[in-house]
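Everything on this sheet refers to the single structure shown next.
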Amino acid sequence: MKPSCISLMTDFGLSDEYVGVMKGVIASINPYAQVIDITHQIMPQNILQAAYTLWFSYAYFPKNTLHVVVVDPGVGSDRQIIALKASDYFFLAPDNGILSFILNKFQCSAVRIDRSEFFLPNVSDTFHGRDIFAPVAAHISKNQNIENFGSIISSKSLTTLSNTGPYVKNKQVIGKVIMSDRFGNLITNISVKDMNQISSKDDITIQIRDTKIMGISCHYEQVKKNTLLAIIGSKGLLEISVNCGNAKHELGVEIGCQICIK
Amino acid sequence: MKPSCISLMTDFGLSDEYVGVMKGVIASINPYAQVIDITHQIMPQNILQAAYTLWFSYAYFPKNTLHVVVVDPGVGSDRQIIALKASDYFFLAPDNGILSFILNKFQCSAVRIDRSEFFLPNVSDTFHGRDIFAPVAAHISKNQNIENFGSIISSKSLTTLSNTGPYVKNKQVIGKVIMSDRFGNLITNISVKDMNQISSKDDITIQIRDTKIMGISCHYEQVKKNTLLAIIGSKGLLEISVNCGNAKHELGVEIGCQICIK
Amino acid sequence: MKPSCISLMTDFGLSDEYVGVMKGVIASINPYAQVIDITHQIMPQNILQAAYTLWFSYAYFPKNTLHVVVVDPGVGSDRQIIALKASDYFFLAPDNGILSFILNKFQCSAVRIDRSEFFLPNVSDTFHGRDIFAPVAAHISKNQNIENFGSIISSKSLTTLSNTGPYVKNKQVIGKVIMSDRFGNLITNISVKDMNQISSKDDITIQIRDTKIMGISCHYEQVKKNTLLAIIGSKGLLEISVNCGNAKHELGVEIGCQICIK
């Protein structure tokens, strides 16, 4: 039998024992589960970053992977924990918008996780990752029928984030920087399809603050070292980079900064 | 056969190849062992932090897990390496106090690791994690009888840390901050049981430096955003937090800072 | 059947989803592969650091491990991706010098990876880790015959780094700091064999900037706390350390700093 796969994404970091303990709980219940970390360095409580990161990752995992996301500022309050079956994947997360892009794209079956016999015996007020998410994930990975773990609900009732996409105004596409990565690449929410609404890829101008970049490069080394470029990155989105350098530091911009294309 | 589980905790960090090499050695000897990281970000040579982190983690792993802790300022000197069987778990660590809480709580069988046929052929002076801990751990995970790996010794002879608990004075519980986490939560050494010695949970006052917090919250969102609160955290200990914020930065306190409860 | 082992080393860091996605791709193709991280914190685009780290790590893994290194400033350009069979191991990396030490030491079979039926269907310009390295690695781990994945080439044609070793001048060995680790240990490119060219280990003087260290210690605790020492580290190379301290901060030196021995 193939191992069943569980991916983990949290804002717990790797300095504390939190992630290790979650994996200990999973291994106690399903020693055959294959656990893969997406990242644990989501900025604390940053639901939007987690939603994007999940969206850019989920489809590269084996079919039937259970993606578990614990970025959960509402832990211990009455926010719900939900499981989804969508496309060929399963998802387990708090109902706080993390699953927005999945919910918007796919027809989903949804369950509110409320059968406490699958939780650890003593549920703390602050660490549902260990006490609820990990044991429920391990049980789902053995059973793969989310309906056994709670009450069926309408996916229409679930929380989604709004205003995440770019828009067109005066023949310009107005988007924003949604993430930066370790290399200082600035990832925008503007896709090739968005750009095609106003122009061909070749005679495009990208403006970020006072800086203008002409045209889209095909790879980093197409420009000189330490030079700014625009490129279609691995997520299919426009990215601003510096060849062998760091665009985030170079431009001094933060997540949310506006990008304008004409 | 279920995979046998080895947990790893070190102060090696993740920037160097040290942890990866330990896992390579383990996989060479027991390719079926399941290795789970607790954390590798223990502050360099911080034995107390490692002791607490192990104490808060070990019981969430599968029974018979071997917990390996390498925080080892005495590497290469005549400090001993010991294996313990305690409760339903195994432990492998230098004899420097890391196992204090385990030794204080459980009746333990102890072995001094001295059978060099289980070490790598060339033992360096500086990296026993690779040359001794990893190969011995892999062999124990196959054999699960620690007596095969060295001389039986009395667990009474082993190093333990002192003054780790809080105390009561003038009807106040005096404790301290023992850890902080990625969210800036300040974890104290004061348990619910300690607090019950002087007061009921409801009309308690917590003082840290000049700041007073009244009462214990049940979850973070019980107070407004960016507001201090006290809460019983997931370790069963009193924690000082800021809802959607960072108590460590807010209060500017360090590990060891005194906490006073009345 | 034993799991086949794949090691991963990149400069992707752990904050982004890049490493997790590579593991998802591998698990999709070979769910039985055992993936072990060497490190993902190679400094961005630092080929020399990656080459050294691989050299110090590869031999501690199970025979037939496939070592995958993605430090790849030329991604998307016409640089080649190569697979090697050398000694008892396999290697997959861009042809940019990362494999220098392997190529210099062993007789190698080499293949240029060019059979795109083993790539993901849509290859991006910026993330060959996901689109080429991960799927090819997973297929090699199932097949273990690199000749199936591209054209045989001469290993003599591959890129190697030069001037990596120390040299002798005026009865002194002149080397340099090649790495520092989390503890601030300064690792040099000077081996015991290099030192034996000029002196016996006992009456040696090590000079780094204006600081002189007399003799080689056997372990850290041989000197007082917070005192500088020289020691033969776990890589068989001379290291400069501070007992319970940080030599890198103490001396304020960077990678590349000259070390002189007489």
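Order of writing sets the labels: A, B and C. Residues in every chain begin at 1.
Keep in mind that, in the parts below, a contact is a pair of C-beta atoms (placed from the backbone, for glycine too) under 8 Å apart; a residue touches a chain by one contact, two chains touch by 3 or more.
As the structure is a computational prediction, the values presented were derived from the model and not from experiment.
A.B. asks: What kind of graph do the touching chains make: line, ring, star, complete, other?
C.D. replies: Graph shape, chains as nodes and touching pairs as edges: complete.
A.B. asks: Same residues or different residues: which describes how chain A and chain B meet, taking over half shared numbers as same?
C.D. replies: Interface between chain A and chain B is built from largely different residues.
A.B. asks: State the superposition rotation angle between the two copies chain B and chain C, fitting on C-alpha atoms only and giving a multiple of 5 degrees from 0 to 180.
C.D. replies: The best-fit rotation has an angle of 120 degrees.
A.B. asks: Per the centroid of Cα atoms for each chain, what is the distance between chain A and chain B, given in Å?
C.D. replies: Chain centroid spacing, chain A to chain B, equals 31 Å.
A.B. asks: Among the residues of chain C, which ones contact at least 2 other chains?
C.D. replies: Answer for chain C, listing residues that touch two or more other chains: 14.
A.B. asks: Which stretch or stretches of chain C touch chain B in the complex?
C.D. replies: Listed in rising order, the residues of chain C that touch chain B are 2-3, 5, 7, 9, 14, 34, 36-41, 53, 56-57, 60-63, 65, 179, 181-183, 218-222, 231-234, 236, 239, 244, 246.
A.B. asks: Residues of chain C touching chain A in their complex?
C.D. replies: 11-21, 23-25, 27-28, 31-32, 44-45, 73-77, 124-127, 130-131
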